[in-house]
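Chain nomenclature is as follows: A, B, C and D, assigned in order of appearance, with residue numbering initiated at 1 for each chain independently.
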Amino acid sequence: MEFLNQNSLYIVLIITVICWFGIFGYLLSLDKKIKKLEEKINKE
Amino acid sequence: MVFKIILGIGLTLVIIAGIALPMVSNPSSFFELPVVPGLEDKARIIFFHVPTAWVCVIAFITSLIYGIQYLRTKEILYDIKSVTAAGLGFLFCILATVTGAIWSKFTWGAFWNWDPRQTSIFVLLLIYGAYFALRSSIEVEEKRASLSAVYSIIAGLTVPFFIFIIPRIVSSLHPDPIINPQGKIHMNPTMLVIFLSSLTGFTAVYYWMFNLRVRFSKLLYQQQMKEQE
Amino acid sequence: MDIKLEVQNIKKIFNGRKIFSDINFQLENKSALAITGRNGSGKSTLVKILAGVLSPTNGQVDFYLNGKSIDLQNRYQYFGFVAPYLQMYDEFTAMENLELFARIRNIEVDKDYIDLLLKRVNLYERKDSYVREYSSGMKQRLKYAFALLHKPPLLILDEPRSNLDAEGISVVYQIIQEQKQSGCVVVATNDSEDIQFCNQEIDLNQFRNIAK
Amino acid sequence: MNKIFNINSALTIFIKDFRSELRTRYALNALIMFVITTLAIILFAVANETPSIEISAGILWIVIFFSAMSGMARTFVSEEERGTVMTLHLIAKPSTVFFGKLLFNLILLFLMNIFTVVLYLILIPSFIIKSYDIFLLTIFLGTIGLSAASTIIAAIIAKSNTKGTLYPVLSFPILLPLLMIVIKSTKSALEGIEIAKAMGDFQVMIAYFVVITAVSYLLFDYVWKD
């Protein structure tokens, strides 16, 4: 904690990485959903 | 799937390296970045701001190429691709403008000062805005596709003029010590590696988003065609 | 003059909706084709595609004059077109309209021929009044003068009788008969009286070609 | 594709538009009034102040830009509104129509610009031109560039639903490089710079006109045909 208080750059780093993980996860789940939908529609 | 994992890990590493690597005046090991005089930590923006602007330009060119393809083949799929690229380009264009403006406030003292590159991104924003305004005012699908393709070609052709005109009118404030007009890159190897992988990573993310939206729109279109029959 | 109109696999999608597809037919010298179909079946769309005003989504229309293929850009010189939705310039007189059209077409302005045409469609007495003062029937007659101005080998008529009185209709039938002697006629109509002049018929509701 | 256009036919289309304009006065009256009202507003706003060279050069082109935006759209919009587009289709090639309309816009904008500039010179005393050669060339090249770009945009918006409001929106990004360079060149005319030093600006303007006209010519088919 002490370390983070003195180096605010690392707080920026943590926030940015979390944002990126969020975006990445979202894209990944979207990709899976669309793949499922494609399979379903093309089967019909 | 492998590429997605590589992309996920790669861009995470880029973020960590871009933000966390210490800046020292004489970098001796590979894990140290050089200090850019006058910018210090603010120089780290190059790893995130430049790639957004780069993606914005890539998206514009993609949209243009698919627009030309549409005019040649009249295949509505190309229009779907063209508009998707334009939509993402608009998004990244806004990101680049906003990040640039915030950075400019703390470096040059004002959010906006009509620096040549700010002017060009402003023009790009205007073109995207006009493009979508045009699209929303045409109801017939085929007409919308061909008119917006024609518009983006004409708009795209005016962009190179700025390269000749802007230097005649104003001088640039943009940090050129890093990439100067002769194309010589004054980055140390570490910076270069991070910068280039960031560019690749952002382009890959753009391509992924593009791919997802095109697939989605295609499904929508298929469904629409099915309902009519 | 030997003319041939060849239509191959025409398909038109308008605003994501398929209007028709797989239209195929051929039209040769001295014949008349009737295009029929219910309202909304795409008669006018097909006629516009034939005239080269609208481009089809797929397929192509070829036009041959004396065995030579005429490209799309130059086809306007050989087609005459009449339709209710065609408009003349309101702020000019009938005479001025026809003179302007002749000059834009870059053909010789033959006043005698224009007079002859106007007499034929019974507009000669009114040739110097503005088109905006015309009734809808008179405007329709003027369109026939417009279509025949350059003596086209192919005449395309969309609803030839619209807005016309009995006398006007007989003039139109005469024009169709004469055109059949020298070239081709395409008529988009639902009227059985118009169809009797034609030796070929296409029913857009059934997508088939009936040879009479 | 055979795209060669016919000069006589294009001229006749121009003459037709010109006669039609003289009879109906759709654009002309509105344009003249537009220029006068805008200049009046500027005069009220400026009052007794002397605007700097930069500002007066900028205002001149603002007036020209917006009056062009209010008048140029008519060429294609009027054909579309009256339903005469198909008639033109049936009697001429697209390229012929394009050049006829371009010529009409060019002449209309020329007349309008001469009117605007004369009024501007009379009404704004601080607007003193020191190099007439630069100024006249700028007005000439600016006018042809402006009409080339506004013709193709007018053809595009004629097919859309919101014709009037969209026109300046679509034109502005395309006209921006031209406007930047003509304003700069007008400033040099006011500062009294030698013509040799302004040659670069003129080259850009000529290149702009050539590029826009050539591309419009190639793409006009796609716009014109439904």
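Rule of thumb we're sticking to: a residue touches a chain if its C-beta (ideal position, glycine included) is under 8 Å from a C-beta of that chain, and two chains touch if they have at least 3 such contacts.
Because the structure is a prediction, the values reported are computed rather than measured.
Enquirer: Applying the document's contact definition, name the chain pair with more C-beta pairs in contact, B-C or C-D.
Expert: Top pair by contacting C-beta pairs is C-D.
Enquirer: In whole angstrom, how far does the Cα centroid of chain A sit from the Cα centroid of chain D?
Expert: 50
Enquirer: Could you please state the distance in Å, as a whole number, between where the Cα atoms of chain C are centred and where those of chain D are centred?
Expert: Taking the average C-alpha coordinate of chain C and of chain D, the gap between them is 37 Å.
Enquirer: Any idea how many Å lie between the Cα centroids of chain B and chain D?
Expert: Computed value for the inter-centroid distance: 33 Å.
Enquirer: Send over the residues of chain A in touch with two or more other chains.
Expert: none
Enquirer: Listing for chain D: what residues touch at least two other chains?
Expert: Within chain D, the residues that touch at least two other chains are 226.
Enquirer: Can you pull out the residues of chain C that are in contact with at least two other chains?
Expert: In chain C, residues 55 touch at least two other chains, as defined above.
Enquirer: With touch defined as at the top, which chains are paired up in contact here?
Expert: A-B, B-C, B-D, C-D
Enquirer: Show which residues of chain A lie in contact with chain B when the two form their complex.
Expert: 9-10, 12-13, 16-17, 20-21, 23-24, 27-28, 30-31, 34, 37-38, 41
Enquirer: Under the definition above, what is the set of chain C residues touching chain D in their complex?
Expert: The contact residues of chain C facing chain D are 48, 51-55, 71, 73-74, 76, 79, 81, 83, 85-92, 100-101, 103-106, 146.
Enquirer: Going by the contact rule at the top, pick out the chain B residues touching chain A in the complex.
Expert: Result: residues 4, 7-8, 11-12, 15-16, 19-20, 41, 205, 208-209, 212, 215-216, 219, 222-223 of chain B touch chain A.
Enquirer: Can you name the residues of chain B that touch chain D in the complex?
Expert: Where chain B meets chain D, its residues are 71, 123, 126-127, 129-130, 133-134, 137-139, 143, 146-147, 149-151, 153-155, 157-158, 161-162, 164-166, 168-169.
Enquirer: Which of the residues in chain B come into contact with chain C in the complex?
Expert: 74, 76, 139-142, 221, 224-225, 228
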